[in-house]
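The structure under discussion appears below in the form of structure tokens.
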């Protein structure tokens, strides 16, 4: 049993390209962030705004990324999925593909912690948030 | 008589947002650059790659922008057009709209100079490049 | 009579370089923003935090920039000055130099409007803010 | 026995701050890149330009980062060191500190592969490059 995977398309912008004539390494993290924003509302039924208005915020605890194939100014697909949930933390897996031929460009994961925006402390992820994710399980 | 105007759509990314919770001012220039890349190939029939492979490069000489309405993480439309051509220089006008309601967010222009990438010097814009643009005149 | 000019040094970062192997055009605006932050506290005696804590915020109304000489990964100097004050608006002039030889790389101005962060409306710049600037006049 | 650690100072820029009013996650990678550039020339005796002019380029293969403490617009210290060398790969460890109190903000590592820029293939890291690093071993 595993969580469903969702895809978000976007196009690399010229300002993402660095001196090596490829997408700059750190921009990959921004692409994943974009996909999560898109997918929270469109796929999980709880937009980032809804989430924030509950007084919660996701904070990145750690991130790992492997770079497989460089990207140019081209359409890409960012796939993300919930890998696991534990107390206040979620592990979100991701893969980034060149849209043409769906060749893998990078993959990795984020560890995100759910924080109460007032206290600044980690809070156990509420059941209803987990259910929101779980109903989309395959 | 004036040159045709072309539209490019894109979606603001979360990494474009700054501490004021709106799109960071300098990102607007990147949106226009993105639109020009898109439109060179799709609308003018000479992609940036074609252009560069001729040994030419556009260099920004000056830029003016007025900010009218702030942008959030939302779809936007970037409209650009050739305003005038003179020797080595083109003046490119632009407007950025919120896609919803097509409300004007910013407008301005770029002055770009055509440079020979070997010599690094400005070159008169060749007739065939002007014609490439002119055939799209309204 | 004119307002004093202040200098801020910084070093270009590799992530500021774009596909043309020079500093990306839109980054110049970020350098000026950095210099204003630095100079508000260090030179004008009212840090950005102090300013924000009064319930005010500067919003960029317009910006003009001329690019004279490209920049590499190198130390630069950003010079800014108050050009004029009128009701809710200030015009801030700037010049960006390569530190080596103080060669001019770019120059231009920002028009900034002082906004009440609660109402979102422009407010006349208070006398004490103007005096804060004026005491540094040459 | 371990390789020497070097420190590079820099100041967070306002354009590094995101909607959460802290330094944007992906910028941390750019700070490490900046430190490596600085340290290659200043500490290892082989500037990035020297390195590139040999027909080599470092490509990031993977990256891991843990975020410990958020950063504001403030001076920071980026510490990096060679962790290990193996054939074409180096593992570079890093830590990012708030300069004030040297509190740890983030830590992690990069795996970089040395590439021949003509062939695009990984090349065994030459002895003289390793010696360049090794002479700085503690």
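Order as written gives the chain letters A, B, C and D; numbering starts at 1 within each chain.
The definition used in the following text is that a residue touches a chain if its C-beta (ideal position, glycine included) is under 8 Å from a C-beta of that chain, and two chains touch if they have at least 3 such contacts.
Just so it is clear, the structure is predicted and the values come from calculations on it, not from any experiment.
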Of A-B and B-D, the pair with more C-beta contacts is A-B
Specify the chain most distant from chain B by Cα centroid. D
Taking each chain's centre as the mean of its CA atoms, how far is chain B from chain C in angstrom? 25
Please work out the Cα centroid separation of chain A and chain B, and write it as a whole number of Å. 30
So how far apart, in whole Å, are chain B and chain D when each is placed at the average of its C-alpha atoms? 35
Which chain A residues reach two or more other chains? 14-15, 26, 30, 33
Touching chain A in the complex: which residues of chain B? 10-11, 13-15, 30, 33-34, 37, 73
For the complex, give me every residue of chain C touching chain A. 14-15, 17-19, 21, 24, 26
Which positions of chain D touch chain A when the two form their complex? 20, 25-27, 29-30, 33, 57, 59-67
